[in-house]
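Shared between the two complexes below is chain A, which pairs with chain B and chain C, respectively.
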Partner chain A sequence: MTGPRGNPFARIRIIAREEYRRALETRWLFGFTALFAILVLGLSYFGLAQGREVGFQGFSRVTLSLMNLVLFLVPLTGLIVGVGSVAGSGEALPLLLAQPVSRREVLLGKYLGLGAALTAAQALGFGGGGVVVAFQTGSDQIAGFAALTILSVVLGWLSLATALCLASLFPDRLRALSAALLLWLGMVVLYDIAILGATAMLRGMSLQVVLVPALLLNPVDLVRVLITIAVGSGALFGPTSAVLVRFFGETGGILLAMGLLVVETVVPLFIALRVFRARDW
Partner chain B sequence: MIHADGLTKHYGSLVAVDGLSFSVTAGETFAVIGPNGAGKTTTLKLLLGLARPTSGRIEIGPDARPPHDPRARVGLGYVPQRVEFPPARTAAEILAYFAALRGLPPEAVGGALARVGLADMATRRASELSGGYAQRLSLAQALLGDPALLVLDEPTASLDPEATWEFRTLVENLQREGKTILLCSHLLSEVERVADRVLILVRGRRAALESIRDLRERQMSATRLVIELGDGQDGGRGVLERAGFACQVLDSRRLVIDGAGERGVAALDLIRDAGIPVRSFELSRPTLEELFLSVVRGERLS
Partner chain C sequence: MIRERGRVSALGGAALLFALAASAASPPAGATTIRVPAEPGALAEAASRAADGDSLLLASGVHRGGAVIRRRLALRGEPGAEVDGGGTGSVLRLMASGASVSDLTVRGSGPRPLTIDAGIYVQNASGVTLTRLRFEDVLYGIAAERSDSLRIEHCILRGRATPTSGIRRGRQASEGNGIHLWYCRDVVVRRTRVRRFVDGIYLSFTFRAQIEENLLWDNARYGLHTMYNQENRLLRNRFTENVAGCALMFSNHLVLEGNDFVRNRGPRTYGLLLRDCSDGRFAHNRLAENTVALFMDGSNRNQIVENLIQDNGWGVLLFSSCDDNEFSRNNFWNNDYPVALDMRRSNNRFDDGAVGNYWSENAPYDLNGDGVSDVPYSPVSAFAFLSKQFPDLALFSKSPAVTALSMAERTIPALRPSDIVDRYPLVAPEQAAPPAVAGRPPAAPTGPNRAAAAAGFGLIALFGAAGFIGAIRMR
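Up next is the complex of A and B:
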């Protein structure tokens, strides 16, 4: 359904700009930018502190260390920020929905604005930290770091779409946040434990049959595999490396993985749009 | 301007609004009142397109569109009970956002601020505005695009008496401009002052729909005269009953008769002519609140 005056894209842009501006005003954008930059610089500088050495390390070490933190932090950030912008936002959301704008425009505007803010935080944080590391150590292995940054951004958009889906399903902020935290815990911790258990129980079955489909279903694992392969550290997967590198290390596998990440973003966003449009606020 | 027909809204097994029908004509100020849980908020949500009816229909504007159609809301401005605007944003910036959403030029902002007396507050941050000014800003937001229908949800509930008076004055100015206003309030003094008609909701149903004028007439006809006599009520009561007045005894000295005005004066004359000393007298008139409560209690009993 289109709105009354002007074109819907203009209204989506206005709402997106407002969300972005609120992210600036509430300072979470600055906070995450600083956090990402500190992580890059800290991991690079103190990465070998256990060996009583400090000093900037190259991108190869930084990327792999950073990956595990990013896979924890970015989905959590996206989920919390996305849920907070819809669920339990007091009178602000009803006031917006009472304007002559369609609900689809409102949700898409919020998604694009929040996504742009999260992307800016990641780009500035990782980019700023990366520039310092590159000046100190050179640009060797920078492609892996760039892949981490890009996949982190993709994971951010995916988490936001999931968050908007949850917030549309559970307009009560506490319930929506609880659902988001449970989902996050499931994606970053419980899922891997379940897969490990399943592979142990299904010993003897081909890895492709169990592991590859399981990795495809969890975006966090999918991003982990893609970054690891991009850094050229596929051997870290141990005996499974041959399977994973063969599957995800070729153009077809990468395209399939990226396609799946897009699907895992679009599907929750589509559900969010359907639910948000139909429900009472 | 608003037409609701058999409007019903269920939330699971809870019936929040039950077969509600009413119409609001252009230029009218229409109040919706009722006790907590009566269905006021749900009715308002249905009217704003925030919720869809389970059955029945509601249409707004000259084209009689359902409120969930964004085109219907072009002619609607909404003032929530309390909205927290971004604290670092100036009044003009806040309105600029809503003006842009409505496809209005930036000049619309100045006009809306001027209409609510905030022209010199354009650069003031939301965090620096008092409750009264913040609510005026909310009204300015609702006036962007000059909508014909304004929906006010308990707009003065959180304001001090002076800010309340100023806000009501603004609403009265809008009435004079010919705006159609739907006011949701539990402040009966506010309703009495500004509304033309009042819809009383009880348990999601229409308990009464009356004009304020009719309510006032009922109020007048229910006026009673309380007379305190110097020598006890017996003598006075006899005099009045012989003259056809129905008397009610309050205590050993005080009598109550129905009616005021000429009837009351005649009763006092009779007592005085009979040589019975009158110590004092007063008119007792039910407040709008008492009339409201009698409707609510009557509906609950039924």
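Up next is the complex of A and C:
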């Protein structure tokens, strides 16, 4: 038996398994999954029923309302679950750190376990919703829904990485949670309001110079734009969309956007690893 | 060449009338039917030798080389008859009043827009009738100038433009319009399908035209485009998947009823665009899934009643150059911005003094039960107002921030950007407009197979469920 002793991957796997089991055991994630599945199914079904009343199929409205749900819930869940598993987890973390495992392995294990749990929850919710959407709508909506599923999972992993970074920076549970909630509010709501305000004040400035970089910097906005384009209502974006659709509509643009999302995941994770290793827990 | 000469009996006259459908004059006693074989040049020769009132019956097969019709002839094709212009100039030129062409396929016009190389070019001829024709591989389909009372019915036109090529620089100049009319009065276009031209139908200085039950789709610019027309009537047409549906410019006293403007989407795309069009009536139209359903600029005193405006990005985009328009009894369903405008005050009205419109995002209450909400509704949101001025902001249209903003507006009316208000919003939608009778809508773009997609998502759901069960069993 080789055992976990000599093999870091085996040790990471053991920690991930444990984290995964615990995440799905706690009511938080279970509640999230249930809420998610119910909302996805409900919106897919009732959202479509409403569109049919006057004889036209929705403008991919299901996907778009689900998108707002995803943009609200997924970062919130990722942040809270991630912070909760490290910061202020009582005796569990020091006990785990006392085992013959490196700190990097502990953090990576936690990350993978939580990520897998979040992915499973989303898979259940979106899978069910996707079956409903596939049966109820024209096939041109499916691509948008698939993009939503993938990007939601990506956003989940991204917010988990951010959460681990915050939890390492603020070992006090309350502080870490406050920071996470502030960050969430900032990314999801305040950032856009600030940009809207800035636009109203700047008047006439070349918006593409300001808006497009602003979109690229906030992963929540980036995901929103990608989904909107995938759904096909990118047409709504007006003249800028000509630029954006040309940009994101092609392989290079998609690669760049996904690359940015990966960078925005890896950088916080890297910081988390550095800080987590140095801290005295 | 076979010539069948003989007096036209009462019975034969009926057959001739079929071809001469709209020309009121009965054929003169000496009219003959000439059968033209499918040989190169035969058609041109027959056309030059025939007399006024004769019929040319084109044999099945390809007639190479076009023809110029200078006398009042009736051209009719046997099933399978085709005229091929060979790629130079216009295929058929009609220069005689009362001439008619029917039951033919016309193909192979020249490539030059300067000379308007068309399938059929009608010049200075009134009362021409074109029926059951099919146009393929032509620069322009039907072009007409100074030709009154032209009738185009049951034709199918397909051009050389591709929907994206119009955007590419320099290409547009080399492509023409499906039906291109200049200085024609009392024209009728009915039951005709046009696709893959720059403009499906282009009318300029065309008065009292009646455009009825046509399908205009997949064109590189507009489905229908008019400039400087008066009193045109557009009835029960369907405009779909054009780069822009229908653009009416400098045209007054329009009547648009029962038309469908559906899925005209793109960065600069409108379902119905009105530029300097006044005193028109727009009723029972359905505008759905367009980027902008109705765009109005410099258009005054129009009546927009009982239309369905659903699932568009912008429902009505109104410029401050518009005045005194009235919107009533319309259904506004699920538009991202039902109304966007750039003026704080305006005398465009969103009710007729007794009844307003139905707004799906309104939450009306009606205590006296008269079907009209007890409180007015303002359809212009702060964000719509802002994004009208800065279209780039539409990037944030789906942002939760914008949702939060509109909720704030509902509670704090001081945040409302415009005084425009529907004083009598309807509690329930008006009866949906009757469906247009035009040609069948084009097939939806083919996506991934529905069952395969359902199976795929089912697998994802199973994967998630297995993850949960696995977690429980780990204990």
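Annotations
Everything below uses one rule, namely that the second predicted complex is superposed on the first by the 251 of 281 C-alpha atoms of A that agree within 3 Å, B and C clash if a C-alpha of one lies under 4 Å from a C-alpha of the other, contacts with A are read in each partner's own complex, and residues count from 1 in each chain.
Keep in mind that, in the parts below, a contact is a pair of C-beta atoms (placed from the backbone, for glycine too) under 8 Å apart; a residue touches a chain by one contact, two chains touch by 3 or more.
These numbers come from a predicted model, not from an experiment.
By the touch criterion stated above, A:Met201 is placed in contact with neither chain B nor chain C.
Of the two partner chains, chain C is the only one that A:Val131 touches; chain B does not reach it. Looking at the shared chain after the overlay, A:Leu71 reaches chain C, while chain B stays out of its contact range. Legend: residue contacts after superposition of the two complexes on their common chain; A:Glu25 is shown touching both chain B and chain C. Touching more residues of chain A than its counterpart among chain B and chain C is C.
Contacts of A:Pro94 after superposition on the shared chain: chain B is touched, whereas chain C is not. When the shared chain is aligned, chain C comes close enough to touch A:Ala121, but chain B does not.
In the superposition on chain A, contact is made by A:Asp221 with chain C only, not with chain B.
When the two complexes are superposed on chain A, the residues of chain A that touch both chain B and chain C are 25.
Only residues 1-6, 10-11, 14-15, 18, 22, 25, 90-92, 94-95, 97-102, 280-281 of chain A touch chain B when the two sit together in their complex.
Residues of chain C that touch chain A in their complex: 262, 265-269, 288-289, 291, 308, 310-313, 331, 333-334, 336, 383, 386-387, 390-405, 429, 432, 435, 444-451, 453-454, 456-465, 467-468, 471-472, 474-475. Contacts from chain A toward chain C in the complex involve residues 17, 20-21, 23-25, 33, 50-51, 54-56, 58-59, 61, 64, 67-68, 71-72, 116-117, 119-131, 133-135, 138-143, 145-146, 149, 188-193, 195-196, 199-200, 207-208, 211, 215, 221, 224-225, 228, 232-233, 235-242, 244-245. Interface residues of chain B, counted against chain A in their complex, comprise 45, 48-52, 69-71, 73-74, 76, 78, 80-84, 86, 88-89, 97-98, 100-103, 141, 151.
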